[in-house]
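The structure under discussion appears below in the form of structure tokens.
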Amino acid sequence: MSKVTVSRHAHFNAAHRLHNASWTVEKNEAVFGKCNNPHYHGHNYELIVSVRGDVDPETGYVVDMKWLADLIEEQVEQRFDHKNLNEETEEFKVLNPTAENIAMVIWKLLRKEVAEALELKVTLYETPRNFVEYSG
Amino acid sequence: MSKVTVSRHAHFNAAHRLHNASWTVEKNEAVFGKCNNPHYHGHNYELIVSVRGDVDPETGYVVDMKWLADLIEEQVEQRFDHKNLNEETEEFKVLNPTAENIAMVIWKLLRKEVAEALELKVTLYETPRNFVEYSG
Amino acid sequence: MSKVTVSRHAHFNAAHRLHNASWTVEKNEAVFGKCNNPHYHGHNYELIVSVRGDVDPETGYVVDMKWLADLIEEQVEQRFDHKNLNEETEEFKVLNPTAENIAMVIWKLLRKEVAEALELKVTLYETPRNFVEYSG
Amino acid sequence: MSKVTVSRHAHFNAAHRLHNASWTVEKNEAVFGKCNNPHYHGHNYELIVSVRGDVDPETGYVVDMKWLADLIEEQVEQRFDHKNLNEETEEFKVLNPTAENIAMVIWKLLRKEVAEALELKVTLYETPRNFVEYSG
Amino acid sequence: MSKVTVSRHAHFNAAHRLHNASWTVEKNEAVFGKCNNPHYHGHNYELIVSVRGDVDPETGYVVDMKWLADLIEEQVEQRFDHKNLNEETEEFKVLNPTAENIAMVIWKLLRKEVAEALELKVTLYETPRNFVEYSG
Amino acid sequence: MSKVTVSRHAHFNAAHRLHNASWTVEKNEAVFGKCNNPHYHGHNYELIVSVRGDVDPETGYVVDMKWLADLIEEQVEQRFDHKNLNEETEEFKVLNPTAENIAMVIWKLLRKEVAEALELKVTLYETPRNFVEYSG
């Protein structure tokens, strides 16, 4: 009855390219267009992490926002900020770094660290005009 | 388990007036106030179209964002941008062009073009301070 | 089938401090950090009130946005704007004014005034980077 | 040495059409394109009024922001909000209501009411992507 | 000829009250209204610090943005964040903490630390709707 | 007397790395930190192009915004969007692609195409928190 969702903004900058290694060059270009550029392009990813649960009557918090901000920094920013996602991260060595896949990877990284009783949702803006949401 | 929502921003500018033809002038003024102005007023409508579905393992996409942007341009922008909604569109010749009704009309126009397995949601900002959401 | 959500932005500025009177000074400082400052700090709270229901076929409205704006002014802005939440409001004399608790209090104040057939949700930005949502 | 600029946001919604009555229909269409639509279209105009002057040592104000907000409401919002600029305002009966001309008209309306020692600047967003500035 | 302006966003939250100790209670209320509340209210101050100068041909920088961010944290955020400006800061023990005066104080604090050859400007949003600018 | 500034938003996404080829690896790392990553990172660059001049009494325009938008697309977006600035552009083969240098390059590209009587200014957001301005 008293479930509240709390959300925290964060951000990281990265280079990426969309590519399916099992396809021909031509099919990659046809499907991914400019996003397939072999020299990479990049984005300012704006991230919103939302946690839903009961409000602790002693603190008035669902979770401590400082804890959540630190968790995002440790699990997401340190891993992806100022990186080339395809070249420099374990997560996207094989997996195509679309916004959808990045959001799902971030969700899984955070899910392990957030108590099971809490619901978790990730919203990821690839640009101010395109964004994705994933909640498991 | 792997359903992701992807969203795309778009926009159009239009004139409109709120009016119920079956009411008296006085009732229209009482209910719709300044929005009933017979000379029209207008808005920059900011539109967010959200599509929810499984991520294709080959592309990493729910849908191609370029396809979604083109669909919005064809179905919404070409129809409503720089138009007088009451005077120049089939959809609002009779139907009152409130934000609620515009969102429902846009949803129906897009619903026909989006695969059935995908959920669809429309968010429409009439001003930066007022917005509506419709998902069928 | 035709349920639409309509949302209205509003805002108020207030001072507050986070504090649990049943705890020691040390525990309050350890848990709430800078937010426990006995001299208070403050925020520009940005509020979004969302109401979900059927669209009235005569007006094309879920609810009249002017009515909703007036309700928020009467129930929320007049009560909390330019106030010290801990010192000057009945609601937070005892209850800790976290964003979670403020959102729940606002929801209860509005719930009494909104028709039962309508769903109600409150989104409260404590800063542009932190926000909470409550829908009962 | 201690000149400070203070700025206040405001907004109004209006319908307009761009048109030069001394031109042919064809030339109007060629120059103004969709903006020449005889049935009008519209915008949410977002206005920023900036006043620059010395800080009064007694108040710490350049001008009282409430006074500035009231002045904008009286001179701009009451005149243009929810209006058809071409049909219903004296200012744009003849003058073409481009963003440039609207900004200049607003500046002149406010200039008469603001003390001569203060500099005045008007910034007008016609859309979130287009804006104009005028300072006399 | 190659002067460029570089700007950095920062933010801090604080409580304040507007008050002139040499005036009567009545005059303070008449001039400052709700902002005179003796129990304080508060804001999320959003700060933009702009530095203008020649671009160093070796780095391509006017100044290192990390240096600028650290300077703002040291001189502004550590001093004012989560503070009661009237009660807890040397700068506003006597000086009325209007947005104009806060911007001038911040400018002076930073001016001492920024090389003389560089121009300095401070933009301070007291709310998303009110802001001030000061450049010496 | 009637000079007005008109501004247009645009955007492009690109990868880059900050690097001075005449320095050692160590000096590059010390000065540019994470921005020196040899695998690149990237940004959503948000661009505002401002043109200042007299308002044409026949059109009410300083310049046609469609012309300005097309010019930006042709000179900036086609050149830099979805590109690796260091690897794939003539402009930044040697020149370090800092925000300062990118803004100056864009200004020079546009300056050649804008009539001499008009003043030109470029504002470039590298992230929502960092931006630069250049006007020749």
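To keep things simple, chains are lettered A, B, C, D, E and F as they appear, and every chain counts its residues starting from 1.
The working rule: a contact is a pair of C-beta atoms (placed from the backbone, for glycine too) under 8 Å apart; a residue touches a chain by one contact, two chains touch by 3 or more.
Because the structure is a prediction, the values reported are computed rather than measured.
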- Listed by label, which chains are in contact with chain D and with chain F? E
- Any idea whether D-E or C-E has more C-beta pairs in contact? C-E
- Message: What's the rotation angle, in degrees and to the nearest 5, for a C-alpha fit of chain E onto chain F?
- Response: 120
- Query: Of the pairs C-E, D-F or A-F, which has an interface that repeats that of B-C (more than half of the contact pairs shared)?
  - Reply: D-F
- What is the distance in Å between the mean C-alpha positions of chain B and chain E? 41
- Message: As a quick test, compute the distance in whole Å between the mean CA positions of chain C and chain D.
- Response: 34
- Note on the structure: The distance between the C-alpha centres of chain B and chain D, rounded to whole Å, is 28
- Message: If a residue has to touch 2 or more other chains to count, which residues of chain A qualify?
- Response: 128
- Message: Applying that definition of touch, give me each pair of chains that meets it.
- Response: A-B, A-C, A-F, B-C, B-D, C-E, D-E, D-F, E-F
- Enumerate the contact residues on chain D facing chain E in the complex. 1-2, 4-9, 55, 58-62, 64-66
- Task: Flag every residue of chain B that touches chain D in the complex, lowest number first.
- Result: 11, 13-16, 34-35, 37, 39-44, 46, 81-84, 87-88, 127-128
- Can you list the chain E residues touching chain D in their complex? 18, 20, 31-33, 95-101, 103-104, 128-134, 136
